[in-house]
Every structure is written in C-alpha cells, then in structure tokens.
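Below: a set of structures, written as structure tokens.
Here chain A shows up in two complexes: once beside chain B, once beside chain C.
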Partner chain A sequence: MEKLTFEFKNSQKVTKAVHVGVVASGDLEVLVYPTDKQVTSLEITTGSDGFKEVWGNVLQRFFDRYPLLADFKINDFGATPGVVNLRLTQAMEALKDEE
Partner chain B sequence: MVTYNVHDLVFFSDVTDLTYAGSCPDWVATAVMRAPVGVIRRGQAPAGMLPIGIRGSNKSQRFGAYLPVTAVTDHLTSQEIRHFGRSNRQDKMLPIWQALDQINPYLDTHQYDWGLSGSAAYELVTGIPTVNQNSDLDFIAFNQEQLTPPKAQHLLDWLNSFGPHADVQIMRGQAGFSLEDYCYHHGQGVLVKSLQGPYLSADPWNE
Partner chain C sequence: MKNSFVELNARQRAFALVDAGTGRELVGALDYMISPHLMPQGIVPESDDGVVLVKGKVADKNVVIISIEGKFQGGGIGEVSGAKIVAALEQALHDNENGIEVYPVIILDTGGVRLQEANYGLLSISEIHNMVVALKKYVPVIGLVPGKVGSFGGMSITAAILSYLITTNRARVALNGPEVIEQEAGVREFDSSDKDLIWNTLGTQQRVQTGIADEIVADDVTALKDALTAAILEKKEAHRTEKVDFFLSLLDKVDFSKPLNPQEYRKLYRENVAQPHQIAEARSTDQAGTPSRGRAWFEALTGIKNAQTNVSTVLDATVDGKTYIAIVPDANNNLFPRVKNGEVGLKEGFAVAAVVNRVVAEDADKAEKRPIVLVVDVPSQAYGYKEELMGIHIALASSAAAYAKARQAGHPVISFIPGDAVSGGFLAHGLQSNRMIALADESITIQAMSKASAARITQRTIAELEEATKHVPAMAYDIFNYQKLGALYKLVEGIASNDPSPANVAQIEKLIDEAITSAQDDRTLHFRYENPVAKASGRKATLAMRQAVADQW
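For the complex of A and B:
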C-alpha cells in the first residue's frame, strides 16, 4: 500500500463534487471535490507500489487536455493506465453533465 | 479442445517456459519456483501462447508474461477453484473463508455458474499464505442472466453482508464488468474490460 500526492497548476474551476469508479480489482475510485486553493491536489492510495512515475505521466497527459482545478482523491486497486485514463475522463464528463 | 478463460489458473514447469517483453524482475523466478502457476490475463497473445500474470509475495508484485499452450501441465477454471477443498487455507479463521463457506452453498443451490479468483483463489490452489484480514472476495460470474439494478443491488448487499468486500465481475464472452459499477452507474457508463482494452458502456449486459 502506497500513498502518492501530486499537485498541478490548473485553471478550470470545478463547482460540484463527483464520484466515479468502484472498489474492484483492476479498477479505481475517483472522487473530485471543489477547492478554494489555486492548485489541483491529488491524493492517491494504491495497492500497487512503485508506480509513481507512471501515475505522474497519466495525470500530466490528462490535465494537459482538461486542466481541472479541484481536489482529487483516488483509491486504486491495480488499475492499468488505460483504465485510469478512462475513469478520469468519465469524472470530467460527469462534471460537465452537472453544470 | 480446451478453452482457457480469463482468471483461470494454469500450471507449468519452470520459469524457462515463460516468454516476455523486456526484462524479468528478480522476484519472478522465486515466485515460480514456489508455485509454477499463472493466472490467465485479459489481453492479446502471440499464436499458441496464453497471456498470463505471475503473482509475487506482495501485492505490488505482478508480472505479465506469455506461456505456450504446450507448456501447460494443469489447468483449473475459476469455477473449479471456487469448489476447491479447505486443506490449503492457511489461517482458517480469516473472515474471507467464513464468508466463502456461507456464500458457496447459496450459489450452488441456485446454480450460479460463478468462479473464484484473486488472492483467495491463489491461496486455495497453492497453499501459499496470500489472503489477509482485508482481502476481497473476487467472484467471476459466467452465464449470469441480466439483473435489474435493484436485483443486482440486493445480491451485492447480501454478498457483502458477511464482512469482506465482495467483488463480482460479470463475464460477457472474454469481456467483463463489475456488478458494483453497474449498480451505481448503470445508464451512465460502466467500465467494460475487453480483450481490445477498457471502454465505458451504458448497457454492459448486451455488449
């Protein structure tokens, strides 16, 4: 079990909280909360140790496209980068739906 | 002809049976020496090969490799593993085993074609201590008739009422989705893991 934290300088303010994904092997939960801070912070709890660099790359690629300013909590149960990206995109879509 | 499904376990002889891209971490040889067994992964493999995953002694140790079908010495489906005997259970008092013993008779009485995977399956088959207080019960549901969201929720609540978190993967061909995801997110987007990769579906039962 490893806890990872990341910060990104993003611009697109999030106004609602959303929750996507589930607690299941090979999957992850993504919780997004509005923030008053000027940076996007991520707290990732993962069962798969030693993947900080991979996480950094997946997140960087995602935020390059969607610079969401929010607090993220992610609970990972061994998801592949493809699944992580899909769930992040789903969270982004859910935020759009609720506007 | 033998059909290999995702989550089945396959036995082989030794580490030299494995083919892989890139380099092989040191722990793999140790793990294979202890138990020459791999779990069939979802993914493409070269002709005549099975995509398998090797499990190390801690949770972050997973290694993807390919195994020639001709190197398979034994094969257990996840359904067979769900019915495996109790002799390999290391700490017999763990809640996961008690939960399994209560759930199994119900599944059998009602003829659920369900299998068991994950850490519990690995320990049942190898006798290597793998499960702990926090382990999930990972079920693989084959030929499962479509459930309405309330029925799915009811089933999931019952499966989870024994303590350990129960995770049910509904199989559609070689693709699968989580019953919990369906309960919470039906109509929005349920994650389907397919041989071609993951995608979101509003109607995962009928993909």
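For the complex of A and C:
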C-alpha cells in the first residue's frame, strides 16, 4: 500500500460532493469535495506501489480537459489507468447531473 | 430485458429495493468513516467500510436496507462496518419499541468476519445476532443472499437467525468455506477445487430443499423486490433456530462414519419427524471424561466429579440457583469425528440451545430469572463436510439465539473463559453474554480463525500474519491484547487455566456473583461499548459510528 498526494492549479469550482466506484479488485472509488483552497488536492491510497508517475500522468491528462477545483480522495485497489480515467469521468458526470 | 441484481454494487442494490424516490442513505461514502485497522496492515480502506445503509419505503412500509459490499474485502465485517449494521438495527429496534414500524432488510454478500479485524468482527457479529433476536419480537428481519460471494462465516449464523432468506441461484450459504475446511480437516474431508461438489452442497438449489434458505428467485431486480415485498407484507418467518428437536432427531439418523451425498440428505431431511429431546442435568460418574480446561472448571464450579449428561460433549447443571453450561471434548466421540477436541458441532449447538430454552421455559413465570454461567473453552466450530451439508451454522445460531433470548428475558448471562474462545464456537457459546470474565493465561487463544487458515484466506504467510498481529490488537490471538478491546468485564491475574485450587475456584465464584449483580438490570450488550477501556480506545470507532447513525437516523 502506498499513499500519494498531488496538487493541481485548477479553476473550475465544484459546488457539491460526489462519490463513485467501489474499492473492488481492479477498481477504485473517487470522492470529490468542494474546497475553499485555490488548488486542487488529491489524497490517493493505492494497493499497488510504485506507480506515482503513472498516476501523475493520468491525472494531468484528466485535469487538462476538466480543470476541477476540489479536494479529491481516491482509494484504489489495483485499477488500470483506463479504469481510473473512467471513474474520474464518472465523478465529473455525477457533478454535472447535480448542478 | 433482464435487469441483474447480482451485478449491482451494494449502494445500487439498496436503492433498487426501495420505492423510487424514497431512499435516503445514512452515514454514506462522503462521511468517510473508514476502518482505522486496515491501513496499519497495508490494506486500502473504503469510504463506507463496505456497508451501505438506506432508509426508505417498500410498499408503503418503512424499511432500512443494510447492504454489504461483497467486492470490498469479500464483504468481511470489521469494527466500523459491524458497528454500522448494529447501530442501524438498534435504531430500528427503538422505533419499533416506540410504535413506529420499521422493517430491517439485510443484503448478505459476505465472507463473515473480516480476518484483518477478526476480534472486532466476532464482537460485532454477536451484537448483530442480539439485535436480530430483539427485533423479531416486532417485525420480521428479512435477508437477501444474491451472490456472488454468498453468505459465509459468522454472517451465516446471522442468516440462520433472520426471519426469512431470499436467494438467487448465484449464491452459496455455509459456515466454513471449502478452503478453510480443506486447510483444517484435509482434502479428503472437502476438496476445495471441486466446484460441482461445492455448488451441489452449498448452493441455494440444495439449501432451499433443506431448510437453510427459503426461496430462490431469478437474478432480476423486479423479482427480488417482489419477493421482498411479499415477505414484508406477509411477515414471513421461518423459525429456523427454533427447530432444535427436529435437527436433534435428524442427527440421530445420520451415520457420520459413512458418506452422505446432497440427494440422500434431502431425502433424510424431507422424511424427518421431530421427536422431543431432553438434555439431562450432569451427574457424577465413575469414569473421568476427556480432560480439558472447560471440564476442569465446570466440575470445580458445580462440584460434580466426572460429570456426564446424555450428550458426551455438553455439560449442564443447576447449582445454588445458577445454571452452568460447558462444551467439552470427548476423545472417544465416534459419532462425530470432527468434534473430538471440544469443537462446537451440530449436536453441541442444538443441545446447548435445548438446555437454554429449557431454563428460560422453567423460569418464564418467575420474577427473578436464574443466572446462566457459560464455561468457555471452545477451540473452534467443527470443520466437516457433513457439518456443512446439514447446516452447522443453524446449530450455532440456535444456541446463540437461545442465549440472546435468555438475556433479553432477564437472565443474567455470564461467560467465564478459562480456555480457548475461537470463532463460530465463541459466537455460539460465549459472545451472547454481557459480562465476560477471562483468566490472564498465555495458553488462551481468542480469535476468529487459526493462523494457518487466516494466512491462507488473507493471502499472507504465517510470519506476515504474526507480524501484523503484534501491532493490531484487533488481530491478536492472546487474551492480553483482547482485553484492550474493552470486551472483558474482568481479566483475572494469578490463576492458571489448568488444575484450579479451591481458593482459585472461590475467587472465580465471587467474581461470577459480582458479574451477576452488575448485569442484574442490563439486558443489552452495551457494557462492551461503555466501560472505560472501550471508551478510551477499544471501541472508539464503534462509538463514533453509533453516534453518526443516531444523528442521521
């Protein structure tokens, strides 16, 4: 298990908290909370050690398209980058649904 | 088009069962009440700890759906997830007591105790059993076992206590998983690689024919909801743990030295007729029983030398207004080869239930109920193929439910632990008491599973497992760490498990009497949460969850 933290300078304020996913084998959960801070922070707990760079790339690509300003918590149980991207996109869809 | 229920996650399942628009989740993912015990062991937690609570309506009735996520840690019950279930059931109980009808529904998709929090898992599951027994006085408590995990371990004991069990054909229900039986009893007892054997024995198609599950419906959201609605409206109740004579009669007919296949067992079950069974009081004999810590203390506390009843592994006697009950080994037990070492098997569970039910019936009209003292020395439940085929979890549930009922009726139920207190054996004989006294003796093992099996199931080496237990009292195997959970009323120093002296016995008798006085007006299990050790550390996460559920209820 490894704990990772990231920060991104994003602009698109999130006004509601959402949750998607399950900490199942090969899957993850994403929690998004509104923040008063000027940066997006992510706390990631992952069961697969040694993938910090891959996480950084996946997150960078996602935030390039959707610069969500929020606090993220991610609990990952060995999801592939594709699944991570899918869950992040679902979280974004859930934010849209409620706004 | 078919709309699969099994493929949904726990949260989706809970919302799928309540009428559209009525569901409200309590203590949800965003509240982020995670298990504090997983990350110290290098395991990723989940924001809801794998249990989802949704209040809503089904056919205009108030329900609370308790949905266990089978995909997170195999649906295992730990401290936080367990406390969440217990707290929701307790709120539902309060509502029902106050005239507000609330039907609890539990979706079981669980391997039972979460082995990484084994001691909390066992405590929580016993607290769930207690709540279900209490709730059934008001409303049926319905269970759903959709699969894919199914229902195993201590949560199958819960399944047996539930009023009515709705399943799909994608689920299995058993106490011990095939891998654990293979680990404990050998591949010839149960081959865990033989999938047909497993499904034919533990699958719901077999289980509905033999009183272990009540109904199979298609894996379809509407079909499951219809079945649930009917169960609620018709207040269905299988009385599964009240068939002690039926099962003891059935046991008389099974030869445990010979093979028994699922088809043959169906026939035996179908043709079985309940005959009354009385478990006699222990009397003194010329022949010493198999020595054990439990037997030594039972004989010392009751003054009955070489005690025997008509069941060689169950001792009970009423002395000075207290009924003592012990489960003991019988090395010559040729009828049930899997319980030679004092394990709690089919016969033991049902026989203990018969004793406790008799005590409750005898005292039904008395203002003062007689105390029941359990002498606990149970190395585990029995691991065997025929045990699973017949549903050993019903036997353990029968005694657990009997003890819970006795306590709820006003009998002080006290456990004295001079020996091992392990797993299903402890759930059946020990954990329904609300005052537990243990000896501070290094020989005592208290846990949910042997180290070999726990290592296999959690995919660790025994060395890794032992390393983990050093840092996490929740995982400990010794009584000293167990005390840190706040579960014990007293840990008694200076008395060895074996060979008690008259002074030792007098000291324990005095402590038992103090415990009885202390439990006099307490029919609950709250002592475990409310003592100083529990409050300061042992059950901190439990108490936080209980508060959160109460606040959001």
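Rule of thumb we're sticking to: the second predicted complex is superposed on the first by the 99 of 99 C-alpha atoms of A that agree within 3 Å, B and C clash if a C-alpha of one lies under 4 Å from a C-alpha of the other, contacts with A are read in each partner's own complex, and residues count from 1 in each chain.
The rule we apply is simple: a contact is a pair of C-beta atoms (placed from the backbone, for glycine too) under 8 Å apart; a residue touches a chain by one contact, two chains touch by 3 or more.
All values derive from a computational prediction rather than experimental measurement.
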* For the three-chain model obtained by superposing on chain A, do chain B and chain C clash or fit? -> clash
* Residue contacts on chain A - larger count, chain B or chain C -> B
* Quick one: classify A:D27 as touching chain B (first), chain C (second), both or neither. => both
* To do: Determine, under the contact definition given at the top, whether A:K73 touches first (chain B), second (chain C), both, or neither.
  => second
* Thinking of the overlay built on chain A, is A:G82 touched by chain B (first), by chain C (second), by both, or by neither? -> first
* Asked: Just chain B (first), just chain C (second), both, or neither: which does A:G47 touch?
  -> both
* Selected from 42-50, 96-104, 204-212 or 438-446: the stretch of chain C that, after superposition, runs into chain B -> 204-212
* To do: Go through chain A and flag every residue that touches chain B in one model and chain C in the other.
  => 1, 22-25, 27, 47
* Structure fact -> So, in the complex, the side of chain B touching chain A is made of residues 58-60, 62, 117-118, 136, 138, 165, 167, 169, 178, 180-181, 184-185, 188-189, 191, 193, 197-200
* Structure fact -> Contacts from chain A onto chain B in the complex sit at residues 1-2, 20-27, 47-51, 78, 80, 82-83, 86-87, 90, 93-94
* **In the complex, chain C residues that touch chain A** => 9-10, 28-30, 32, 39, 42-47, 69, 71-72
* Structure fact -> As the complex stands, chain A meets chain C at residues 1, 17-19, 22-25, 27, 29, 31, 33, 45-47, 73, 75-77
